[in-house]
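All remarks here apply to the structure that follows.
The chains carry the letters A, B, C, D and E, assigned in the order they are written, with residues numbered from 1 in each.
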Amino acid sequence: MNGLPGFLRLLEGPQTVGRGPAFWIVFAIVFAMACAYPLFSDGYTVGNTVYFFVWVFIALSLCLIWGYGGSLSFGQTAFFGIAGYSYGILTLNFGSAYGFTLVALVLAIAIAALFALLLGYFMFFGRIAGVFLGIVTLAVTLMLERFMAQTAGPEWRIGVARLNGFNGMSAMPPLTIPWPGGDIVLFADIGLYYAVLGLLLLVYLGLRILMNSAFGNVIVAIRENPERAEMLGYDVRKYQLITFVIGAALAGISGVLYTVWGQYITPSSMGMTAAALPLIWVAVGGRSDLTSTLIGTLVVLAAFQALTIYGSQYALVFMGVLLVLTVLIAPNGLVLGVMNLISRLATRRSKGDV
Amino acid sequence: MDIATHIFSALYQFGDAFAFLVLSACGLAVIFGMMGVINLAHGEFIMCGAYVTASTAHVGLPLPLAIMAGAIVAALVGALVELVVIRHLYDRPLDTIVATWGLSLIATQGTLILVGSSMAGVGTPFGSFQVGEYSYSIYRLVLFASALGVLGGLYMLFNWTRFGVLARATIQVPHMAAALGVDTRLIYSLTFACGAGLAGLAGGLYAPTMTLVPTMGATFIMEAFVTVVIGGADVFLGTAPAGAVLAVVKSVMTSWQGQLFGQIGLLVAVIIVVRVLPKGISGFLLRERT
Amino acid sequence: QTPIKLGVLEDQSGDFAVATIGKVHAIQLAAEEINKAGGIDGRPLELITYDTQSDNTRYQEFMRRVLQRDKVDVVFAGFSSASREAYRPIVDQFNGFAFYNNQYEGGVCDGHMIVTGAVPEQQFSTLIPYMMEKYGKNVYTLAADYNFGQISAEWVRNIVKENGGKMAGEEFIPLGVSQFSQSIQNIQKAKPDFVVTLLVGTAQASYYEQAASANVSLPMASSVNVGQGYEHKRFKPPSLKDMYVTTNYIEEIDTPASKAFYAKFKAKFPSEPYVNQEAENSYLAVYLYKQMVERAKSTKREDIRKVIAVGDVCMDAPEGKVCIDPKSQHMSHTIYLAKVGADHSISFPKVWEGIKPYWLGDAGCDLTKKDPMAQYTPSNPPPKP
Amino acid sequence: MALLELRGLNKHFGGLHVTNSVDLVLEAGEIHCLIGPNGAGKSTLFRLILGEHHPGSGDILFAGENITALKPFARIHRGLSVKFQVPGVFKGLSVRQNLEIALQRTHRSVELAREIDRLLTFLNLEAEQMQTAGNLSHGQKQWLEIGMAISLKPQLLLLDEPTAGMSPEETHQTGEMVQRLNADGMTVLAIEHDMAFVRQVAQRVTVLHLGQVFAQGSIDEIVADERVAAIYLGQAHA
Amino acid sequence: MRKEVILSTQALRAGYGGKPVLQGLEIEVRESEIVAVIGRNGVGKSTLMKSLIGLVPAMSGSIVYRGEAVELLPPHKRARLGMGYVPQGRDVFPRLTVAENIAVGAAIKGDIPEEGRRRIVEAFPILAERWSQRAGTMSGGQQQQLAIGRVLIADPHLILLDEPSEGIQPNIVQDIARNMVELNRSTGVTIILVEQNLDMIRAMAQRCYVMDKGRIVASLDRAALDDQAEMRRHLAV
């Protein structure tokens, strides 16, 4: 067996729902539609779709850490915020020339990952697990929020970048790709759309491969029974830490893209609500599967936004009802439930045919 | 200024912080510690208690009775919520995060729509007293006493009564408890209602001292969670010492550098305690006991 | 006639709803009146309203939506300064036109924005000297710990110093804190002559009840309380006794214009708990916009700014006469000093008319010449040309 | 040559002295059974060997190396493997995946599938391979756990009550399996209460009582020991 | 004189997630009998016990206990009718003390009866020794003893014992068998015993069902129980 097919074979596996030609055909169609769609749409819708896409990365990160790894983390928003602020600080100080925004993107994500490495080392090597991990990460996140919120004074500056407290930082440059005929600036419309869509595809497929690889096996094994995993010779804490750092980097991508999208980052992006929302998306979609998380996040975001637009003051009530019903009706998550149903129907059909 | 004034003021601040932490946390601790349910609607049960207390006080019920009414209504609402929603989620406690978040949205915004954006306050009873050059609110001492009362009551309820043992058994191995003749559904209902009622009681007790708005529960949430983390899994052993430790941290930091440091002190305390005692204070105590 | 579209982004739910639902109602009231009277230049005014849920992210989403999708001519948006700073870059990017109808810490020098709310030089340079004269020169500030509170506190500090007083203490309270026993004791320890309360959000308003029950009976001064969150209506007397507030409007103002406005408001929204300062700012902003569009014969921002540059855009609002300052695009206001009595009734010991938002212009912001799209503070003023 | 050597291992929980200066030498290539009353400290001894518990004092030598301070996973890398008393299978994963996780660390993907199939047949779990492991019957979980332990091809296999819940026939099969593994060079240390099994496989038996080595010898010697009968075996075996 | 039937099942089907494990199973147990159930791993013995106590719901068929159809009752009601269940794998309440575990066993009686307590600690002295240790920290065999004691405290009418000898040292296995038989003689308690330990079956049971694939495939009398070869044959199937 040669390398590449073996590698691609990992796109499918027990860890991810969606298998076989039928799935990949649908996948290709959906992706083609996603590529073509800006051509038939207005600037607002495209920008708004980018905004939805931006959140998918943090949802996937939580899917990885919580759904697959079994560690409940309220801390993804902390990494989101750190990456966002880092991008702001870097670009406000060094500008956007020579493609520096792309460097800043990478650096910002690296800073978030580094922070996660530190925090994760602290937690996993202190053997904190389960719900307690959730509450500790929540505490860290809220602490960051509180801290950033009180940096309103002029003494809180890094280089020329004011941290600006609760009001947040703004006016950082958008992503800019250096180009011979003049830089391409990715404002929150078609340019950024394709960039984010491409990144999303890459991350999604990459995570599928990762989760179906030996590494992914170990991650779910640790979720199921860390003691057993250790007794099979796996350094549990190391695996947990690596997962946590990868997750933080993904959350960092969201953070940078969010900052780029609105040219704005605020401490409330690390607040209680912000910390709970990714959990909601992931749980509603189906936390133990990447595809479900991806679809679920987009569905919930769109539904919540639509409710806010059309539901006026009843929007939050509807959202609440929706969440409660979803949890009651679809125990594994809405999207995962539907996908399982489809695959069950499909197998029954094909069995019926022969 | 004489030393006694200083000591009294430090004690008073400690008691005040302790009461707030413990009363905020008790309901959450019962529901989390006993049932493994992270109740993100905890603040809304507090709000419910406060609203019922204020509205019954407005129609003329004496304050102590109004507070009891707040606690009882919150408990009943809790029982209802358990019956309709939580009951179906015991085998997947993490999903209760989503469900209770949903409930909290419904409760907050529903109250805003039905009752309006705020409610008139009831005023703090009992007036003030003077020690040295400081004057203090007497009602705050009542809060402190209530916190001690609640802690004692809870400890007795769950450790000395049959209900307590059955409840803890049910939470640990539900199917086995059922097979031994325990009506586990009833136990779950009662436990959840108890947690909700305690939240309502906290709301009722603080109603005279606070802004009454639909989002008021949010101001209790962080203190509640922090106390529960530090307390650890065994709420009856953990909550009191956690409240005490945090109250010291909070009151000392606040008087030293102001409210921001009080808040940050709490969070730093969480990190430190969790690092040193990953299972919280109760985990530490239990390990020593065996 | 094609309607003129006015986007409304205000919090109708969440923590700020107490103070901001009235803003939406005020805009609806004004729009209804204008439409009944034939619209703006014959064109009807159409409101496109979204609930921003006291959530800055929602401001960003919906600011894009109103500008790109709904293609509104103008947006009225925002209560907290944080929400304003969240949407301002979007307005700038899409070359939109926004009104911020709220009192705030001042300093926004942005050609895409018009601010109808009062600013510190209007509220503090009146209030603080009055209080110092009446009660003494030892001042304690209790402020919300974010830009609004910090910058406002800076103003208070500077004004106290200029008038020969001293700060007995300054404490910043994180947003969302509701327990004040320690702060109350800190204040008692500092023994100020009066306390400046710059508390924001419903949680922080708990201070008054708690201070009163601990028998702290110091006079208080504020630029936000009472005028926004009508604490004197929500709390039981006498917890706000001797609170002094400078505001450009509250429903108790006893002038014919104010009473007429209040009557109209109550007729349309009988269950409105209180008609506050920001409701009036929002109401007058609609009329102001109407006037500017009619004079410019255009809804284009460039055309309207030419009208503003003339320097005579004024109107008779419920509070009295107001005018736009062309340099900063902020408003001059009539500032009322409201005093809360022991029974929580309001009296007005003093009124200042036509107080200008002078600071930005003096400091070097001149939107008729240059548009920096930035916010400045006394310690971070515009660069000298 | 000694493969495993325990020197003066002590472990307390609070006031309870669970192992008390345990000295034990395991020769390479032997099948050694550890028996003793409930609560004697047998499972605790396993956890000490594996590094799940840390001894208050004493040393653990494996293949001549002092492993007392090593992390559990590192000891597995040295050639230890365990089947716990309470089966710790990955409940939410399929039987097949359980085995895959056990095998993947040491097998290339090419051989992996074949090796899993071989094990499934060996464990008589082919029909259940796609089942979620948590849904297996108790005995099936035991088998799966044993399968995962032996799949590591350890030098020393630790079995904590491998036949609990098995029928006599299955117990006998397990015994044969252990003997086969042993014939291939695996050293085995097994805790058992089933004397038939002990008699079948044990080359040497150690009796642990109150955390101390109480007796040691061949199975016949042990069964003949009246003191052991009194504390442990009872009349039937005496 | 034949005693009354205390428990019987008719065409009982029960299982997990819609898939029946028990396929129309029928048994009949009389007052004061000790009946063993044997069968290979995974044939559904534990499922039978769970469906008798109500932890696995019956999909169809009926369970009649002392003349009353109980298949729709929840477990706690069956327990209150006098059924006691000792599960395979012990399932003690790990963070409760031994005393509290036993108190839960006595839930339907109110407090722990002194007489019952004495009887239990006589049978299992280790329980008295560890009266306030947390159950989760006890050794496997100690937990098994607790699980049995916990059921006995409620004086059940019918005891469902799922592999009680598992993990218990040989002499205590003998003790347990002796104790249970004695209890059966003195109080007339009925016992259904799932076991793999033939010595225990021989020491206790009066007759025996053989299960395979969710059905009863044979019913053996006392004589057959003593026939080593016959028994081994049934367990090997």
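As a working rule, a residue touches a chain if its C-beta (ideal position, glycine included) is under 8 Å from a C-beta of that chain, and two chains touch if they have at least 3 such contacts.
Chain-to-protein mapping (UniProt): A, B = ABC transporter permease; D, E = ABC transporter ATP-binding protein.
Quick caveat, the model's predicted, so the values are computed rather than measured.
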Topological distance between chain A (ABC transporter permease) and chain D, in contact steps: 1
Chain pair with more C-beta contacts, B-C versus A-C: B-C
Chain whose mean Cα position lies farthest from chain A (ABC transporter permease): E
Centroid spacing, where centroids are CA-atom means, of chain B (ABC transporter permease) and chain C in whole angstrom: 36
Length of the line joining the C-alpha centres of chain C and chain D, rounded to whole Å: 75
Centroid spacing, where centroids are CA-atom means, of chain A (ABC transporter permease) and chain E in whole angstrom: 50
Centre-to-centre distance between chain E and chain B (ABC transporter permease) (centres being mean Cα positions), rounded to whole Å: 43
For chain C, residues contacting two or more additional chains: 13, 145, 172, 174
Touching two or more other chains - residues of chain B (ABC transporter permease): 108-109, 112, 218, 222, 260, 263, 290
Sites on chain E at which at least two other chains make contact: 137
In the complex with chain E, residue positions of chain D that touch it: 13, 36-40, 42-43, 85-86, 128, 135-140, 142-143, 161, 164-171, 193-195, 229, 231-237
For the chain E and chain D complex, residues of the former touching the latter: 16, 38, 40-44, 46, 88-89, 126, 137-142, 144-145, 163, 166-175, 196-199, 232, 235-236
Interfacial residue positions of chain D with respect to chain A (ABC transporter permease) in the complex: 50, 52, 71-74, 76-77, 81-82, 84, 88-94, 97, 100-102, 104-105, 109-110, 148, 152
Touching residues on chain C, where the partner in the complex is chain B (ABC transporter permease): 13-15, 17-18, 21, 145, 171-174, 176-179, 181-183, 185-186, 188-189, 202-203, 205-206, 209-210, 212-216, 233-236, 239, 271, 273
Contact footprint of chain B (ABC transporter permease) on chain E as seen in their complex: 53-55, 74-76, 79-80, 84-85, 87, 91-96, 100-101, 103-105, 107-108, 110-111, 133-134, 137, 150-151, 154
